[in-house]
Amino acid sequence: MSAVPADSDDRRYTLALGCPDRPGIIARITSFIAEFGGSIVEAGYHSDPESGWFFTRQALAAATVPFGLDELRVRFAAVAREFGPQTEWQLLDSAVRRRAVLLVSRDGHCLHDLLGRAVSGELPATIEAVIGNHPDLAAMTEAHGVKFHHVPFPKDPAERGPAFAQVRELVDAHEPDAVVLARFMQVLPAELCAHWAGRAINIHHSFLPSFVGARPYHQAFARGVKLIGATCHYVTAELDAGPIIEQDVIRIDHGDTVRDMVRQGRDIERVVLARGLRWHLEGRVLVHGRRTVVFS
Amino acid sequence: MSAVPADSDDRRYTLALGCPDRPGIIARITSFIAEFGGSIVEAGYHSDPESGWFFTRQALAAATVPFGLDELRVRFAAVAREFGPQTEWQLLDSAVRRRAVLLVSRDGHCLHDLLGRAVSGELPATIEAVIGNHPDLAAMTEAHGVKFHHVPFPKDPAERGPAFAQVRELVDAHEPDAVVLARFMQVLPAELCAHWAGRAINIHHSFLPSFVGARPYHQAFARGVKLIGATCHYVTAELDAGPIIEQDVIRIDHGDTVRDMVRQGRDIERVVLARGLRWHLEGRVLVHGRRTVVFS
Amino acid sequence: MSAVPADSDDRRYTLALGCPDRPGIIARITSFIAEFGGSIVEAGYHSDPESGWFFTRQALAAATVPFGLDELRVRFAAVAREFGPQTEWQLLDSAVRRRAVLLVSRDGHCLHDLLGRAVSGELPATIEAVIGNHPDLAAMTEAHGVKFHHVPFPKDPAERGPAFAQVRELVDAHEPDAVVLARFMQVLPAELCAHWAGRAINIHHSFLPSFVGARPYHQAFARGVKLIGATCHYVTAELDAGPIIEQDVIRIDHGDTVRDMVRQGRDIERVVLARGLRWHLEGRVLVHGRRTVVFS
Amino acid sequence: MSAVPADSDDRRYTLALGCPDRPGIIARITSFIAEFGGSIVEAGYHSDPESGWFFTRQALAAATVPFGLDELRVRFAAVAREFGPQTEWQLLDSAVRRRAVLLVSRDGHCLHDLLGRAVSGELPATIEAVIGNHPDLAAMTEAHGVKFHHVPFPKDPAERGPAFAQVRELVDAHEPDAVVLARFMQVLPAELCAHWAGRAINIHHSFLPSFVGARPYHQAFARGVKLIGATCHYVTAELDAGPIIEQDVIRIDHGDTVRDMVRQGRDIERVVLARGLRWHLEGRVLVHGRRTVVFS
């Protein structure tokens, strides 16, 4: 589906909404849009019979909206109220560049890939800063014109509180729309998971729920699986158990050592993270409980 | 997405529509449905900026429609007229079993697969008859309780007119919703393509547009490709050039002979045909020019 | 890679061997073959640095072996002895049709698929018998000319001993090379796992090690994964934990219900089981500990 | 399979050989290796019944070879002569870093990806230089510490001779093992194809042989295919028709515009080029006629 628009003619206002399902919601929303002559350029709808929830994402050509985004927000709020107090929605403006902050450790392949996508305009966000618990990736980051912060982490997990506090402060200073754990290798404390809920995105190098935690390629080798995978998910307090945004796999065989898996796995990690992050930034991902609806 | 309903509570009326795009169509259709309290259980929308065409498919819970299908058709016809004379639409009732006729030759893997899916209720249609230009697959067909007709084809293509006429008559007697060329290996004459337009579905054993025509696996071997594929498409007068419904591929390597490709290719042929045929039968495929919109 | 030969010119003797690794094994084996002028038509070698084990599979054109298979076995045994007492090997003759027995329950898609492959000559084995703990699949089996045995299983797992004893007797009467649990849905007792070790093959409808045990599609739905899979593995006493022969996955999305997953999952279950079973029957699978080497 | 070794213990001598097939070749080569106690850490063999050709690739642990590489070459040359005058072979030393030169235009995604892989040690070669017919990618290249040359190309194809001559000179100065057309967008003259035969590698943004030439994503959109692909192949005088090293595809749907295809296609282009290039550099690709044998 469409990436971020290249020019102002392509400017879009994008509505994403989830609420308890009942007949007439689509008619109500689309009639609201039709009343002011709005043109819907992309529309996704989903009713989940299991949870009884309704989800929609609609992209409007901004040029067909005869008033500003603030006014659109005010007007739509009245419509959304009709759908009940559990309704959640947001309206994004493609002309407002979104912001991402990246957390990294020593492995640079996901970082390098995202920096390249940002340069080429493929990532619908600016990378505001990169924070590493090791200094190794400073040069790569700065060569792409992005600020790098080194926050050393003590060996003893019990003493990492101040380091996490510093990371939190550095991240929050940018008011990011996405906090990306690009192979960060540190488990976020529960209070940070809560603080960045719905914005912290992790790439795990296995096909979850297989091989949770450390060294998933070693686990995969020991189990003798024939495919290895990567999972992009929202971070929650339970390790590697947050709502899944995207997954993919690659075929391996008996000739592949753990080192081979690590190398080949990088190619899926990169792509799965980039895809999941883009969907998040474009308002394509709606979370309900432990599941996601992705209007890709 | 959802297969054919298992019981009457799941009965659905499914609308599929294509028309010139303009603002307000979704609102008009969904308001029409909301007015009588209809519940939309599945909805797909697509605006094609290239062709300026709009496509939608909507499945209604039949139990929420307070009148019969005929009345629904009459009422919706008035709505559709507002969208202009080029508008095309159909309304399907999941309680009316759809009908398929299969044309085969000697290779039985696609036939056997479809017969099995029909038995298990996985195919949303009954297989009314199987017609073969060779008698080889009669026993397999009849073991599944389906009538087999053998129509011999003369060697000389110029003399095949009467055979095709007989096939046409046998097929048309069943008024089928799908005429499936399940590895039929005979090129349909243009007039039959026209007669069954939008209903004749072929499985070609290559990833089209590569390797049109005869012996695609031999062509693939000679070219040294690293993936082989299968394509399910509507039949048109131009050979293997009709609108594509579904495609898939499988990885091969230098160790695979043509015979190996034939064997492995069967697995994708079966699945690609079954998938494309199901989508066609469920009204998920809308054709515009040489392209399809598939609300899968 | 090559399926079972179609005619006697294609007759092959296939050697599969595993032993502790050390330099010179390939030279020893291939020199042994070269001495009598044997022609190797397919060769696979693998050294596993982790386990220090060596694996090979070699297919000889039978016509180039100037003596019988028994003589070849006697001669090769002397070579194998040089590689130490842990060496395991077998020699298969493609002219000796291999035998499979299938265990089923109510779901017929894997059974129907294997019956079809047997008919078309795609499966390098005869299906000697099908045994079901329900009678549902008797007609389908017999329509393909295969004997069906119904062995009812009591509800109480504690009382299933006699039923398993009867299954064992029925199976063993055919001295099968493969005992295929084609969606059998019953957990084999440990002593049967041991008795059929290396011959009992299961298809599990998830991408193991995710979703072990019952109702894996329900588990997958609840977890919100974006791909579902199937795994073909040898049966061992630990549930769904035996050496994996083959796996594959298919993409799903938020619109897919559990019922949709069940339907789509069938397509991978069929293919993964058929592929894994063929490899087993052709002597392409060598097991070492919990891992397999597959010379596909 | 294994990437380039990380340390000297992993040093390997890799033999790649193609010759007319006949019994005893494997025995001859492996006996030659066994005689001096060489340890084979990776072995691939292939007999092609179609062409009657034999191919092998064998990686020796250098530490187990009791003499130098030059001596090994001399000794093996005598063995290779026994296989006839058409025999082609090479012996690579993993301790000798291989060299690549990249030709680019304006699209930087493949370049950025390869530069990142070179930095992380994932590419078994140094990127010696990058040559662009536009200056756009100079900054990206130099930020990775690699020299960039801008060689402007005149609009008129008939006048490009001097530009190609300059490119040739710049490339040849580095005696590269690979000349990579990383979305170069210029058709090499036949004499350059001949000059760099077996070393010039192109990434084409379609699943060849579909959509040869310019604007393949536009062609794919017009044809309505359901998968788009990328092909890594050796460059020959016939456009996009050289021996294929690697291919892959990605699923698209009716909602994807040409711009969406361009964006998604980049992810396969990157991976397919990186994979094919690595296999080439590690001596895993043997060409025979229009087909390749890839011991991946």
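Order as written gives the chain letters A, B, C and D; numbering starts at 1 within each chain.
The rule is short, and it goes like this: a contact is a pair of C-beta atoms (placed from the backbone, for glycine too) under 8 Å apart; a residue touches a chain by one contact, two chains touch by 3 or more.
Everything quoted here is computed from the prediction, not taken from an experiment.
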item	value
Inter-copy rotation, subunit B to subunit C, in degrees (Cα atoms; steps of 5)	180
Remotest chain, subunit D as reference, centres from CA atoms	B
Where subunit A and subunit B are represented by their mean Cα positions, the distance between them in whole Å	37
Where subunit B and subunit D are represented by their mean Cα positions, the distance between them in whole Å	41
Residues of subunit B touching at least two other chains	42, 49, 255, 257
Topology of the chain contact graph, where touching chains are joined (line, ring, star, complete, other)	complete
Subunit D residues within the subunit B interface of the complex	46, 48-50, 55, 207-211, 221-227, 229, 243-244, 246-249, 253-255, 257, 290-294, 296
Subunit D-facing residues of subunit C, complex	23-24, 26-28, 30-31, 33-34, 37-45, 47, 49, 64, 251
Subunit A residues within the subunit D interface of the complex	1-3, 6, 42, 108-109, 112-113, 116, 119-120, 122, 140, 143-144, 255-257, 259-260, 263, 266-267, 271, 274
